[in-house]
Each structure stands twice: as C-alpha cells, then as structure tokens.
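In the two assemblies presented below, chain A is common to both, partnered first by chain B and then by chain C.
After this line comes the complex of A and B, so read on.
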C-alpha cells in the first residue's frame, strides 16, 4: 500500500504504466483516496466517458490486513450517470488482494483510440496490460470462467460485462467472491461504463508471494480486532439478523413501517411482501441446498450473504440483497423470489446495478411497456439489455433516461440516480440523505433507516422532520470515514450502539498505523472526504437546487401515512454546514 | 390584446377556461410576456411534463396590426429538453390571428388525468375545449387536412404531430402558413412535448368578425411602417440575399469561412456544400415549378422562404432553412437537397425541431448506427421517430439523450440543446452565445454571425476572442427585445446597419402604444427579459458551470483554422454583468 500505479490507456504506442509513491495521498484509503484524487486531478466539467476522466481502484486503509471486515474496494470517477463525483464500493476478494500486492491505488487514465479491448494483470512483479479481443462482449460469468482457465483460482478478478463495454450508464464493475463468482459489484453510478470507455475488460489480481500487511503494533492490533469481532457478534443486527436472513430481513420491517415503495413509488405497503421476505428467502435457500449464511470475502464475520439455488438445486445467484429484492420485486409489483433471483443473476452477468435496473423496469412498466407484476415481461426487458438492442440500451442507461425516452413524469431519481428501497415520505431521514449526498440518491451514504426505523444509534421519529438533517449529517460524515477504512458499512450498527466496539475500531486503525486515533479523527476524516466531494460537485455545476427530491415527493402524499416529504429546503441546505 | 386566457387542463370535471385583464403583464408581448409569466408563476424545479409547468402562447407587441413583419408567435414554458426557461417563436399566421381575437396570451395550465386528447377553439365568442380522440397520433399534415374540413381555410392552426403527443423532447409546435401548411415551427426546446403532456393536439384560431388592432396614433404608425419597409428593402441582406436565396444563402458563406460543421463537428469545410447551397436550392425550386421567394405570414416583405417540389413538380416541403440544410446535410455528410427536403417534410409532419433532429442523426451516425453520407439510412432513422419505436423515441429525444444511450462522447449540445450550424471554434462570437444564452445552444439568441461573418453592425474578427462577449451581450439584449415585439428577427440586419430603420421601428412601437420609445427603452426591455430568464434558470439550478461549451470544443482544434474555442471562462461569466 505504499505505491500508486497509473495506467495511461491513451498513451501513444499503447497503454503505459507508471508508478509513484503515495505522496500527498499517504495514509488515505478507499473512498478518501478515490475522492481526493478525483477532486484534485479530474476536470469537473470533463465528459465522464472521455479521456480526461480517471477511474481509481483503492483498497481501504485496513484492507489486506488480518483485520476482520476489511474487504471493501472503492472505485471512484466522475460518474456518467450523475455527473457528480462517485465512489462505489464492493466486497469480494479484490480489495484484500490488491492491498497485499502493495498498491494504495491503481488509476486508469486516458482512453485508447482504437477498438482493442484490454486486460490488466497485476502481481508481485508489476503490471502488464495486454490486448485481448477474444473477450469482446462477454458477460461476467462466462468471462470469469474463461479467465480462470488462464489465470487460475488463486487470484481475484475485477471485470465488466457487456453493459460496461457498451458504456451503459447503469453498468457496474464486478469483483469475484471467495468462490470466484462475479457477484460483488461496485454497482452505483455507472462506474462500469467508465471502465468500458477505457476499454479495460478485466483486471487480474494475483497476490502470490505477497504477505498480509503488517500492523505497526501487531499485538495491540490483534487485541483490538478480537474485541471488534466480539462486538459485531453480540449486536442483534450484525450478530443475528444479518447472518440469519441477510439484508432482506428488512422487507417485513419496511413494509410494516409503510415505507416500502411499491409499483414505482405509488404506495408504501406491498401485499406480496411476505413472499419476498428475508425469512421466506432463507427458508427457500436452505431447502434447496443453498445456504442463507455466506461471506462475500475472507475475514467477514457477519456473513450476511447466501446462495440461491433453483428448485432443482442448481446455483442461480448469490443471495439477492434487500434492495435488489425490492427493486425487482415490490417496485415492479412482482412477488416471486425466483424471478428476483433470475434478474439478480442477469444484473451480475451483464454487469449492471441491481437498484438502478429494478427501478428502471418499474419506470418502464409505468410507461406502459409492461404490466406491473408481469414476471416474464421483467425478464424480457432485462434480456434486451443483454442483447444491446436500442430498447435495452435505454433501460441500461437507467431510470432517468428511460423516463425521458418514454415520457414518464414521476421518476424516482436524485442527480440522475435511482432511489433505493425506502420511501422518503414516511421516512424523512433517508430523504435527507437522498437529497443531499454527494453521490446522487444513495441509502448507504447516510443510512438514516438505522435510527429512523431500526432504532440503532438512537431514535428519531421517521414521520417528523425534526432532527433528520442532524441525523443524516452525522451518518454521512461517519460513512465517508468508514468507506475509507475498507470496512464493510454493516459494522456501523455495532459501533453506533456499542462504544467499546467503536473504540476497538479506533484501536485497530491506531495500532495498524502506529498512531493514536480518536473519534474526532474519524469525524475529521469524514468531513475531509465530504468537503472534497462537495467541492468537486460545485465545480461541476451542482447547487442547492440539485439537493432536492423530485417534485412528486413534495406534492403527492403516499399511503398509509399520507405524508409528503417535508423537510424544509433551508434545513437541507444546512447539512454540510458543520 | 387586453386579455389573458387561462385554460386549466387539469381542472376537476374537465378543462376550465378563465379570463383576466393583462394586469401586471400589460404592455408586454411575445418573449417578454412568456418569460415573465414563467419566471413569476412556474416552480423552477417542477417537472417540465408535469401539471406545474405552464405553456404560454403570446403574440408580439405589434402582432395583429398592419405593421410589417409582425407575425411571430412566442411559446414559452420550462423546457423538457434543457430544463431552462424556454421561448421558442415561429412565423405563420397564428400570432396575427390570436392578437386580433384579442388575447395577449393563452396559458395552458395543469394536466388532465386521463388519456383523452383535446382541441381548443378560440374565436370572437370565446374559447371552447373539446375532446377529440379521433386526432390521436395524427401527424401535422394529415391533421391540418382533417381540421380544415371542419374549420375551413380562414383560420390559423397550431398543432402537434405524433412526436409532441409522445412527449419526445425534440417535439415542436407547428403553426400554419398563409396556405395552411403546418410548416412554421416553434422548434426548439421540446415545447411540443409540453403541449402533448397537456393533451392538447390542436388550437384553432378564428378571427372572423375581428379587426386589425388599431394604433393609438394611426398616421404616425403608417408613416413609420412605410419607412421601416423601405429600410428592409434597401439593405442587401433583407432586400436581396434573403428574398433571392433564403437563409440557405449562408451555406457557401459559412463553408468559405471554415465554420461549417461537418460530420458531427469533425471539420469546418464540407466538400459537398455547393450541392446544398442556397443558390443551387433556388435554381432547383424554380426549375421544378416551386418558388424561391415566399412569405411565411401575411405582411412579410422579406419573403425569405420558398416552395420545394420534387422532380415531378409535386410539393415536398417549404424551402428548408439554412440550419436544416446543414443539420440534415453537411452535419451528416449528406450532399443531396432532395434528401434534405424529404427529412424537412418529415420533421414538419411528425412535429420535430429540424436542428435537433439533424444533429441527432449525425450523433447516431457517429455511434455507428449508419455511415456518414448514407441518405437512405438518415430517412430510415427518421421513420423510426414517426413510428415511435424505442430507437425512434431515443432519436426524438434529441442529441444529448442519443449520445448517452449510444455511448457517444462528443455530443454538440449546451444545456441539453443541439448546437446549430456554426462552429464556435472558428467563429468565437457564436460560441459565446451558445454557452451563455438562457435557452441552451441557440444561434438566434444572439446571432454573432452577423458581425463575425456577415459584417453587419460592425466587424469583429471571428477567430479572435476580443470583443466577442460584448458583441454577444449586445445581440442577446437586442434579440430579447425584438422577440417581444412580434417582429421577425431578420429585421435586425437592417436596423443594425441603418439608424433610420431602427428609428422607424421605435416610431412604430411608440405610435402604436401612444408613447415615446427610445433605443434605451429597447435595451431596458431586453435586459428585463434576460434578467427574468436568468433568475428562473438560477432557481432551476443553473450556474456559470453550465455556461460552457462541451469540453471537446476546448480540447479538439478543427480544420482549417485549427483553433479551439478559447474565450476565457471569466469573460463568459461577465456576459450578464451589464
């Protein structure tokens, strides 16, 4: 983690690799590193798919160590979907492996002139960039299968499917899990389209011959990690709910709260939710010989994922997340987990953001392209994306474009990015996050559901406007810091409720870097990241007028609470005023 | 012109018409009226296709009088294409007729809930709104033919074709010419989509029983008008060039200047320009029994239009404008006037902006959907728009959406609207207008070509940056005022060069309203309009960062002058600092 590699894909004579010390970016990782590089180096008015944009891969500050939960890889760029700065992170093995090979960041720059497609091999000996046009328009599952024959099973793969290669704005970047399935995606913001624009199809990460990154104070680090794991195991969310049912434990919770957006945000309760619930999903997975408990990377102690098989016991996809089950389920009026699993597989295979695609299909249904609830139609629409037909390209460019092309007025997006699985009218706190985050609508940027609904880290009434801005502000600051450590965001449940677990995290960071780390340091890091991101967005033309939800959330109340989103604009405008 | 009619298309129980005195909008017309109403009454963050947007039809201050050249109808709304305020004006008969019936403005508000399609009949007895679902998805030519059978030939029709009904973002609003052809379009900014969203298919204007609007000082008005007409007849542009060859006289001029954008702005000279020139066009029109000299409305003394027949002498379309010949011609590498005329007819028939559509087809060619120069492919792509296929819908939403859906990086748009027929690199003044106008890229908003190339109103070197901001500023102010009078913008050539013709215009305005009108009053009016528009745009989230050309104009020089656009940002930011 002491070096940065830059790969100029547009260099005369072919891609050129250079190495440098981390320099001004020293001590940063994950989102802090990607966002600082973009804010410093990328022209804010550049075209996201042009040579001036950069695509940065950065493991977290603790990735590649023996610390638990440190497997998040951050990918950053100017987003072609939102036009804002973008950090999208994923689990899987890539972060750990890239960190152990020794890179704080790998930065793709420029853009090749021709049609050649490239793969990049990164190992202890350096970095090579090779033309491989045999990979053209391959999707992620067959692509990884093909690469495995050449590079084996002891590596991690970062790939794009056909969607990224076609530069569709909902395209994701896939990272392989421990069993080498391309199921862990940097999903949001079209980062896969930027990789496609740079004509890089795959990055092969091989840490053979490399060791775990050593802590400056090994014993203290080991001790802190042990306490940290204990904390995760004893918290009801990270120790019980997530391992047993995964994120989809939320379906019943949100539906009961009346905050489960149904049929393109026309209602807050879905009559078919029981069939989609985490409880039903876990039972089905176990019954069919899959599993309801699985980790996306080695070193995970929460194990919120699972394996979803078909009725004959054959693998379909990894356990779809709550947001995926919602977007392809209730949002489209679909109450069938097999349909959701099939669509989740297609998203992963083509390389697409499951939230964006589910919301988009719901918008297409609203436009009359299919009936809400039509399972086969949803699959047919997704097939169009895989084929790259004009219709498929529209859908693969996300909800906003689809709404424009098909004349839909009420499209749930902020800054061009689809809203996730929580309605901001009965849950005002998450609306504040959607509106104000630097990333376009994104629940993970400041997960107010924790405190509004799950009552983690306190209790703020979701139906009232009071306290929501402060809540979202604190969560956004904390999240920006956590996204920089390489830690899975789910640790937040435990550290918000258990001071000793938060202290253990501080001790891990302190012991690893040989410094003293306090809560104030974490807050300062979070603010530093957000400030850099806000500044980039401002220079890209974003104003307070963009920190708003679409108008219909202000004008159309939603059942059962019959509320609109009503946090005053002036309060929203205070979010970054700390 | 003493009343405003408001038609609430979303009223419970069906559309509801109310009338009011002009009140605070008294004395305003055309663009001044549409922009002031929008800036005052429309929520700047509303969805352009939603109930909160308004669509305003306003004749100019002198429309409906015996004054020459006063036939422009302004249509205003928040634009679904650009997200900015929008004023789009057209010739034809509508402005004169609407003014004589007595309306300063007709304002469509709200949005009906169902699928019914409406027509609005406006005559001396009032306004009626009727359901007429027999008009569904009709295109403009057959639509007007059908309406003529019911309402006759002594009326003016304002209509949308299938594109507007489908709410495509490049949809126009058509006004009929004296021979009742739907050829005069409020083309830019997707105003037709807003009419479609309000489910209004046609407005029938019948001024039977109404008289010319009388001037307060009739003799003075008549005298001023006579001098004004003399001035237009003696200026070489309005008295010779435009009547003989129409706007397409510019093809040779721009090509020689190296400012004729070719094949999606990849070069500044087109080898096939001679075949597209106004001279060739006029010769062909006359040879085939059409005409090279024709007025779009009664009272026009410039007569810049014409009638384009096919080789068998059958009517194809009105004489395509320079910008249309360029967008469907050189921009797409096509050097055939018959192809251009066919595409112009299709634009008019489906109800689409010819600039946006031609630029879009060029972008689609850049994406590989067809080869540059492929005439049949261009027509096929346009047919898709008429059919409303997914591909057609994408194209009908304009260049920016098409670029996003098909992964084209270099798309010539500002604020989402396609650049017209003048490259801003060898003609820096027009680049200033494109970047800064309140309307999205629009040559008419401040036609720097006049002074940069035609040497009207002075001489500012097009290749240098000096003086361009001042030039564009003065032109933008003057244009905002002229667009409010109902006068055709082409009068500007004569009034810029001939002080006595400008004085005649002032005298016409003064005599009509019984006031004294000075040059300062015109400047004040222009500034008032621009300030209201800028303020709306600011509240809609537009900043100085949006007052820029796409990056490639700054990074990619163009032959033959091998220049980039280089007016400094700080200078652009001074444009509205008067």
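After this line comes the complex of A and C, so read on.
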C-alpha cells in the first residue's frame, strides 16, 4: 500500500492512469485517507456529479494483512445526496485484494465526455481502463455473472447496478463477498451515482502473484492478532449474539424500548416486530437450508451475516441487516421476512442503499402511493426504480426528494439523508449524532462505543442527560478512527469491555507499522479526520443550522414514551468544540 | 361463569425449543408474587442465579423502560418484563444495564416511583430475547406459562409434521392425551385460559 493510483476519466484521448507515492497521505487508510483527499483536493462547491468531484477507494490501514476483521473498504467523495463530504464503507473482499495489490488508494477523477461505459482492471502489472458498452444498464447480479466468465473467480469485483448508471442519489457501490455475490454495499450518500457519473461500471481487482502485506514486526503482529481474535470469540456480543442472530437481534429490543420507528416514524412500537426479529430470521434461515452465520470477507471471525433462502431452499439474498429489515419492514408497516428479503435482493441488484430505499418507500406510502403494509406495492415501487421510470427515478433519489415531489411534510432526513432504524425521541443521544455528524443522518457515525477506554474527553457521568452531546462527540471521534483502520465496527463491543482486546488492537497497528500506538494516538487520528470533514462541509456552505433534526421530532411526541427530541440547539452546537 | 383454567403438559425433544420462540419473544404471562424488587423476583422466585442475572441478563426493560438497578426497581401487578442478553451496536450499549452510555437514552430510563406496590400474588408478562431464549425459555416453560386457549389452538395449528411426529403427547388436567388428539385441538375450548407446561427431554 505504498502507491496511489489516479485515473483521470476525462483526460483528452481517453482515461489516463498515473501513479504516485503516498506522500502526505502516508500511514493513512480508509476514511482518514478518503476524507483528507477530498478535503484537500476537491472544490467544496463542486457539483457532486461533475468532473471536479473525485471518487476515492481506500482500503483500511490493516487491510490486506493477516489481521482479522480488517476488510472494510472506504469510498469517499462529495455526496450527491447530502452535499457534504461522504465516507461510505463496506465489507466484502475488495479491500483485502486492493491492499495486497499495493494501493493505498485508487482515485477516479474527471468525467468522460461521451456515453461510453468503462471497466477498470487492476492487477500486479498495473491498471487498464477499457470501454465495455456491453455492460450498459446491467444490474449487479447478472453483471458480476458476466464479468466472472471473463475474469474468473479468483478476483474481487466492485460494481454499480442500473441505479448508479442512472446517477440516482440513493445508488450504492457493490463489493463481492467470498462467494462472489454483489452483496456488500457502500450504501450511504449516493456514492454509486458518482461512480456512474464517471462512467465506470466495474472495477476488477486481481491480486494473483501478490502476497499478504507484511508487518514490520511480524511476531508481535501475530501475537497481537491472536489475542484480538481470542477477545472477539469470548465476548458475548461478538462471540455469541452477532454470529447467532446478526444485527437484526436489535429488532425486539428497539421495539420493547419504544424506539422502533413504525409507519414513517408515527409510532415507536410495531405489532409485527416478532415476525421480523433476528431470532425469527435465524430460525427461518436455518430451517430453509441457508445459514445464520456467515462472514462477508475472509478473515472475519464474528460472522454476523447469513444466507436467506426461499421456502424451496433457493438463495434469495444475504441475511438482511437490522436496518434493512426495519426500513423495508416496520417502517413500511410490513411484517414479512420474505418480502424484506426480496426487497433486499432488489436493492443489491439495482445497486441501492437499503436504508434510503426503505425509508423512501415508507414516505411514498405516507404520500398515499400505497397503503402501509402492502407488500406487493412495496415490490412494485422498487420495480419502478429498477426500470428507471420517471416515478422510479424520483424514488431512487431518496426520501427527501420523494417527500418534496409528493408533498409529504414529515420526512425523516438530516442533510438530505434518511434516518436509520432508531427513533431519536426516546433515544435522545442517537439524535445528537444524527443531527451533527458530518455525513448526514448516520447511525454508524457514532458507533465505536469504546469511548470509555479511549477516555476521549474524560469520563462522562452516565446519569447526566447533558452528557449526551459529550458522549456523541466521543463516539464520533472514536468511530472516525476505527473507520480508518479497515476494522469492522462490530469489534466495538469487545474492545469496550475488554481492555486487553483494545490493547491487542493497538498492538496490531503498532506492530504492523513499527510504531508505538496509544489510545491518545487513536483519538488524535479521529479528531484529525472529523476536523477535515467539518471544514470541508463548512466551505461547502453548511452551518450549525444544518445540524438539526427535522422539525417534527421536536413537535410530535411519539408513543409509548410520548417524548419529543429535547436536546437544546446550543448544546448541539458544542459538539465540535474540543 | 369464567371458563376453568386448563392445565396442559407436553413432553418434547429439546431440539424443538425453537418452536416456542415466537411465544417467548412476544411475551407470556406468569403468576408471581408482585410488589417486590426485580432481583427478588428473578432470583428468589424464579430461581435464576444472581451471577447469571448480573452478567448474562445485560438489558432489562420494565414496562418499556430500560432498567439499571434490579435491586431497587419494583415489579407491580400487570408489569411487563423483557430480558435480553448482550446486544450489538450503539443502541445495544445504550440500553445495557448501568452502561456508561446510559445518558444516551434520555428519559426512557426506568425511575422508581412511590406508587402503590402492594405485596401480593399477581401476573406479569415476561419476554425473552436472543441468547436468553434458549437459556431461560426451557426454565419458564417447565415452570408453566399462562396463555389464552385460542392462542394455544393457533400455536398447535401452525405446527408442522416434524413437531407432531416428535411430540410424546401430554396430559390435560392430569389425564394423558395422545399427540394425535392434541393436534385436533378438540380438548381445548375456545375462550378459556391454559397453563402450559413443557418438559423437554
């Protein structure tokens, strides 16, 4: 990972590839790299779908090594959905392979003048960019099948479906899993539309002839990795709960807490939640010959994913995540896992963010385009997106645009991005994160819950409600750092509860780079990333008034707790003061 | 006149515990001595080891409010108690008992009040989630849970061949009943209540 490749898609005479040393970006990876490149090199007022925007693919700092859980790929750009800086990350095999080939980042720049569609092949011999118009408007599953015939099964594919090609603002970028299914998506923020604007349909990553990235201190690295894996295996969340039930284990708990947004955030409890729960999902998957335990990339020891089959035992999709089951399920008043699985497949196939699309369909239902709970209608609306009809294009541009087009007053978005599956009225602290993150409403922005160990900003009294802003700040700092390592965020519990597991992570980073890494260094990295992102957003025209939830969260109490969001604006404005 | 309580006992292989997950997640009624603390109810009445309560039941909701202190929270007649094992994610950490992110919850934390908490026999609704389904589910089913007769009838109707082939039958009010007859649901009258006990072998 000592080189950066730049591909100018708009160069005179066709796309031009150049290589450079990592230079000022040395030692960075993942979100740190994507965000610093954007903050440094992209004009903050550029049109996200124009030639001035850049699309950066960066494996994490530990991707491509023998370290466990290190397979996150960060994709960054100015977001066409939010207008802010964007980092969207996914698992799958791509990060590991790209890192092993030797790139810290591949940066797509410019924009071709014509309608030609390109594929990019990256291997040990270099990078080639080829026109392939036979791929036009193909969706992810058939697209990968076609590419496999040409490039085989020993590669990783990064692709966009028809949604990305049409530059729909909810479009995602798909990465293939170990079985070469396009199931792992950089979903949020419309990054797929930026890839579509650059007319790149597929990136084929081939690491044949390349080795694992070697650590500076191999013994120490191996030892630290062993301790890290032991820590993950022995913790009840990472060693038992996530492997058994996946993230959808949260459905029952959110519902019980009255924080499960139902029928476009009209209630906090869904009567059909038990049918959608992770527990029910795991039972069904196993009964139908799928699996409730599966890793999205080789080297994952948690394995929070699974395989969802239909009643005849045929593959439908990977195990839908909690946020997907919520957005296509309870948010739309739908209590059927088969419908959710079908919609998840359609999202993956067309190349769309499952959160944005589920929320959008719920908003469309609120507008009267269909009844809440109408399964067939939800599928019909998604088909419109796949076909690229005028209605489909509106829906494919997300909840905010759909709400505007159909006159819906209460649309759950922050900075244009749909809120995920946690109502910020009963769970106020998550509302702080939704409102203030640099990325638009995003639950993962404040996910790295190891802040008690990092001691970011000192200890916070959990019984003081004003601690919410401080906690959210700490979480956002810690998350920005973890997102840079290439580590899956689900390691967070084990490192929060087990100091020795957190130390093992620091030791892995230290041994790999031949440095001593402390908690303070992690905090400093997180702050550096967030400061750069915040600065970009400021220059792009975002002010503190954008750091707010939609008004109805302040005015409409939600049952059963009958609460509104009550964190004062002045407190929200303190979040980035450190 | 109120329909009499039917005592129904089933004997099943332990591999069939999953069949009861929907009931266990949605909640079942149990009779209990109410007006006491959660700790007393969980440990003294239901026989759950204090260590298990402290380390394995990491999240507890009492009437939809996240509860931090089992030693002070009082269980009243008609209460709903949801018990969960460790949960992923920020919200998982936020809901966790006594966790350092409890402040993220805002006002949905259980606060004990001085409202009447008379010590008497009552009923509480219990919900079990995730890891606790397999660990505590058999314990509650062995002790007996209260269900509406129509819910038991629906439960039986939704079971497939595998369930009935493995079912050893049971007894109703002390009289043995074969699996075949149970499957017809004839011995269960609509409208009454059932105390269902399941012995797993």
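The definition used in the following text is that the second predicted complex is superposed on the first by the 560 of 578 C-alpha atoms of A that agree within 3 Å, B and C clash if a C-alpha of one lies under 4 Å from a C-alpha of the other, contacts with A are read in each partner's own complex, and residues count from 1 in each chain.
We adopt the following convention: a contact is a pair of C-beta atoms (placed from the backbone, for glycine too) under 8 Å apart; a residue touches a chain by one contact, two chains touch by 3 or more.
Here the structure is a predicted model, which means the values were calculated and not measured.
Once the two complexes are laid over each other on the shared chain, residue contacts for A:422 go to chain C alone; chain B is not touched. In the superposition on chain A, A:539 contacts chain B only, with no contact to chain C.
Once chain A of one complex is fitted onto chain A of the other, the partner contacts of A:443 are limited to chain C, with no touch recorded for chain B.
When the two structures are aligned on the shared chain, A:490 is found in touch with chain C, with no touch to chain B.
After superposition on the shared chain, chain A has more residues touched by C, the comparison being chain B against chain C. In the overlay built on the shared chain, the residue A:389 is in contact with chain B alone; chain C does not reach it.
When both complexes are overlaid on chain A, the residue A:241 reaches chain C alone and has no touch with chain B. Once chain A of one complex is fitted onto chain A of the other, the partner contacts of A:561 are limited to chain C, with no touch recorded for chain B.
In the superposed model, A:551 makes contact with chain B only, not with chain C. In the superposition on chain A, contact of A:471 is made with chain C only, not with chain B. Per the touch definition, chain B reaches chain A in the complex via residues 43-47, 49-50, 52, 80, 166-169, 193, 196-197, 389-391, 393-394, 397, 401, 404-407, 409-410, 539-543, 545-546, 548, 550-552, 555.
Touching chain A in their complex are the following residues of chain C: 18, 21-22, 25-26, 56, 58-59, 61, 64-66, 82, 84-95, 98-108, 127, 129-131, 133.
Put simply, chain A touches chain C in their complex at residues 235-238, 240-242, 244-245, 247, 249-250, 252-254, 256-259, 274-275, 277-280, 283, 304, 322, 422, 425-430, 433, 443, 446-447, 449, 451-452, 459-465, 467-468, 471-472, 475, 490, 492-493, 496, 560-561, 563, 566.
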